[in-house]
Amino acid sequence: MEALARSLMNAVPLLAGVPLWAVTLLLIVAAAVVILVFALTFEGVGSLVLRKVAGDIQARIGPNRVGPNGILQFLADGVKLVLKEDIIPANADRLLFKLAPYFVFVGSFAAFVVVPFGVGLIAADLNIGIYYVMAVTSLVVVGVLLAGWASNNKWALLGGMRAAAQIVSYEIPVGMALIPAVLVAGSLSLQDIVRSQGGLLGIFGWNLFHNPFSFFSFFLYFTAAQAETNQTPFDLPEAESELVSGYNVEYSGIRFGLFFLAEFGDMFIVAALATACFLGGWNVPFFHAATLPWIWGNLLSLGVFLAKAFTMVLIMMWVRWTLPRLRVDQLMRMAWKYLVPLTFINLLGVSLWLLVFKGKGIPAMIASLFG
Amino acid sequence: MTVRTDALPTQEMTINMGPQHPSTHGVLRVILTTDGEVVTRAVPDVGYLHRGLEKIGERVTYAQFMPFTDRLDYLAAMNCNCAWAWAVEKLAKIEVPERAEYLRVIVCELNRISSHLIAFGSYTADMGAFTPFLYAIRERERVNDLFEMLCGNRLTYNYARVGGVSGDAPPGFLEKTKEFLDYFEPKLDEYNNLISYNKIFVHRLANVAVIPAEEAVAYGLTGPNLRGSGVPFDLRKDEPYSVYPKFDFKVCVGTGERGTPGDCFDRYMVRINEMRESVRIVRQAVARIPDGPVMAKVPRLFKPPAGEAYFRSECPRGETGIYLISDGSVNPFRLKIRTGSFVAMNIFEKVTRGLMIADIVAVIGSLDIILPEIDR
Amino acid sequence: MGLKEYMNDIVEAVTTTAKGMRITARYGVDPKEEVTLQYPEERWEIPAGYRGFLNNDVKTCTACTMCVKVCPVDCISLESVRGADKKMVLASYDINIGRCMYCGLCVEVCPPKSLKHTSGYEMASVARGELILHFIAEDAAEIKARVARQVAEAAVKAEAAKAADLSSDLSSEAARAAKEEAAKGEPKK
């Protein structure tokens, strides 16, 4: 941010007198606002799309009353959530009860910071990007567990316990499934990982097609990440048919809204990470976005990135409306007996591949055959 | 499946499941004693929907009780209607015209389909897949359209009458029924592909709450719950009534297809397969329905001779038995209704011991209980 | 668990999921599969025998009380008085459609077929009292008073006729009986 502030001060003579820290702070706040607006918009639109997709899949129409074809439904929902009475149960632990939604929301929102939206569109290109995402999304566990405990409701408590067990267990396969991308790029920075998938090979530069192990690791990541973010079929902490609504059963109004937003935020983070690590990120197929003028290059790459990410989100919704829910012991079995060993085998496979073939992927090798 | 709980000393927790809970299919209350996620004891508490139907039956005339039988099992009102009509006819020894019997069989089997559709749909919804539920509801609406055409109502039909049915099939009804059957039969395969054999779904149901055949008989289970345990007992075959002997159909039993015979998956599959058999019965009935009157001569002031009668019929949720004592007056002296769901509730506590909380939902769904039948 | 079963499990999970997702995808992309009826704008065709709200054609109603007797939930209430021409005159005919269960038994027994189901099914009210349909707008007491007056007039006429014709004892008897009937026909609530 400081570098950007400095270049901005050099470019705009008006800012010459302003101290550097002030411009930097201003830029940070601006970036935060932009990302917050993007996150909230996505979460709103995401909820509408989710309901529309549900409608289409279930031979219904879905929301179509608010605005033309129902496109303003999310605004109506948002207004409703804000205006609803905020109820705190009499026997709840008031402080923890109030705190929990913020943990969950911050955990999911903070991850947006390192999402590489475009060539230069990233709030903070941390050199430990993936590590950071894994760390901050873990904050969600604390929030969910707090919500379950503080509600003083047995169903909520069960939901919170399930969530804690589930999220902690699934972090391992999620992390292990992402490491192949890190190995290929040789960096933990998400921008570096995206850049490593560029090149004129088009979609074949993607980590998805790099080698058979990274191909499987994409699907393993996608499955495990759905579980980590409590998406159906792994939505056990919520499980409306068993635990009524799980950890957020006692929440209402905007506090519930924060849980709700965080759920969609998580959805996007999963899709964005899958896109960045395996599907080429913002790389435009057969084209170097970085060679274009700054504004066009960024816009183009942003469009490509969002298109890929939204496709992933759609697939998640599609899965959500197809599959039944697992039982809690089956969920654990799936994590420890299937996903963890498989991701380890994959990791081993990728490492060996990179060692044996000197970091070259199958498409690169085929390309080199033809010169 | 039992889970070892003695390894770690923990404290038990009592949870109230219901009477307001999405998966208890109404106002059933289950008092769960759990050790973490493992249920050590689940005691059903029934009675929230008690309306005193049997007493009402003793206060109204035989004809007047017909609309109340709709409320006995509102998802299979036609079956309850016809059961009442058959019971009173048995008591008063009334000969019913054959066309009326055919119409009754058609509506009973159509209602069996729609009832099993709800059982299937709400079961999948309980398991977390909401989409098949809406598909099931969509098909059920078609059955409701047929019934609306036939008797004017969509849920509480009040179609059967003592001595026949309230009205002949309107023109186009039989054709529309055939159309529905042609539309519906392939949907069953679709359901199987969509959810029945889904790995997660199978894992949730197979080997859960196994009821061995002897136990099912000992506890008096009937209907799909008994057949799910592998006992081929179907009143339509074993104690034939109405015109059922004229039709060719198979009694579906649980075979332990994906687990142990008598598990939740078997009970679920029996219902899916029964829908197919019901389609076969309706096809035959529609093809062979004779012409003629649909109502026998029954005096307006209907007074059956003094005596008693017990009639049992195969309803979607098991045997519905109606025991009637007449003292020769216009209303029954005593009425007792035996329902499948109430009996199925008896075994609930036994089979749910040591299961997970999520399995409790699976067991309730697989027994396909309906609360008005339990509480009456 | 052997390796074969382990692999089988994974393969089965993937294939059955794919199968299911193919079906949901078909429904998702096929707009023809939408079955929703946009209710207030679109309506389904109501079949001929539909059991909607009850309607009594009070002009043809003979006040025979068959419907009242057969109703299992006592939702029909009827008051009538015997008119001058010996026929029953309806004083009030109310149906509590909040209580009615649309079983159609009353329609079946109605001898003059004046009671019928309509195709109406939409009604909302904020008070229970509004759910009672009154088929006779006029006040019951007024009707009774009017009928009593008519009966009395008829009786006076009969009296006059009797005076004119001494041999008609029987008719005066009948007139007295009618008068008594009219006096008895007070509102009984």
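A, B and C are the chain letters, set down in written order, and residue numbers restart from 1 in every chain.
By definition in this document, contacts are C-beta pairs under 8 Å (C-beta built on N, C-alpha and C of every residue); 3 or more make two chains touch, one makes a residue touch a chain.
Computed from a predicted model, the values in this text were never measured in an experiment.
Taken as a contact graph, with one node per protein chain and an edge wherever two chains touch, the assembly is complete, since every chain touches every other chain. Remark: the per-chain Cα centre closest to the mean position of all protein Cα atoms belongs to B. Centroid distances built from C-alpha atoms place C farthest away from subunit A. Computed from the mean C-alpha positions, the centre of subunit B lies at a distance of 31 Å from the centre of subunit C. Centre-to-centre, using mean CA coordinates, subunit A is 59 Å away from subunit C.
A straight line joining the Cα centres of subunit A and subunit B is 46 Å long. Across the assembly, subunit B contributes 131, 138, 194-195, 198, 200 as residues in contact with two or more other chains. Each of residues 57-60, 321-323 in subunit A touches at least two other chains. Contacts with at least two other chains are made by residues 9, 17, 20, 23-24, 35 of subunit C.
Partner subunit B is touched in their complex by these residues of subunit C: 9, 12-13, 16-17, 19-20, 23-24, 35, 44, 47-51, 70-72, 101-105, 108-109, 117. Subunit B contributes residues 60, 63-68, 70, 131, 138, 141, 145, 148-153, 156, 158, 166-167, 170, 190, 193-195, 197-200, 300 to its touches with subunit C in the complex.
The part of subunit C that touches subunit A in the complex is made up of residues 9-10, 17, 20-21, 23-25, 27-29, 33-36, 38. Touching subunit C in their complex are the following residues of subunit A: 53, 55-61, 64, 318-319, 321-323, 338.
Within the complex formed with subunit B, the subunit A residues making contact are 54, 57-60, 154-155, 158, 161-162, 232-233, 235, 239-244, 321-330.
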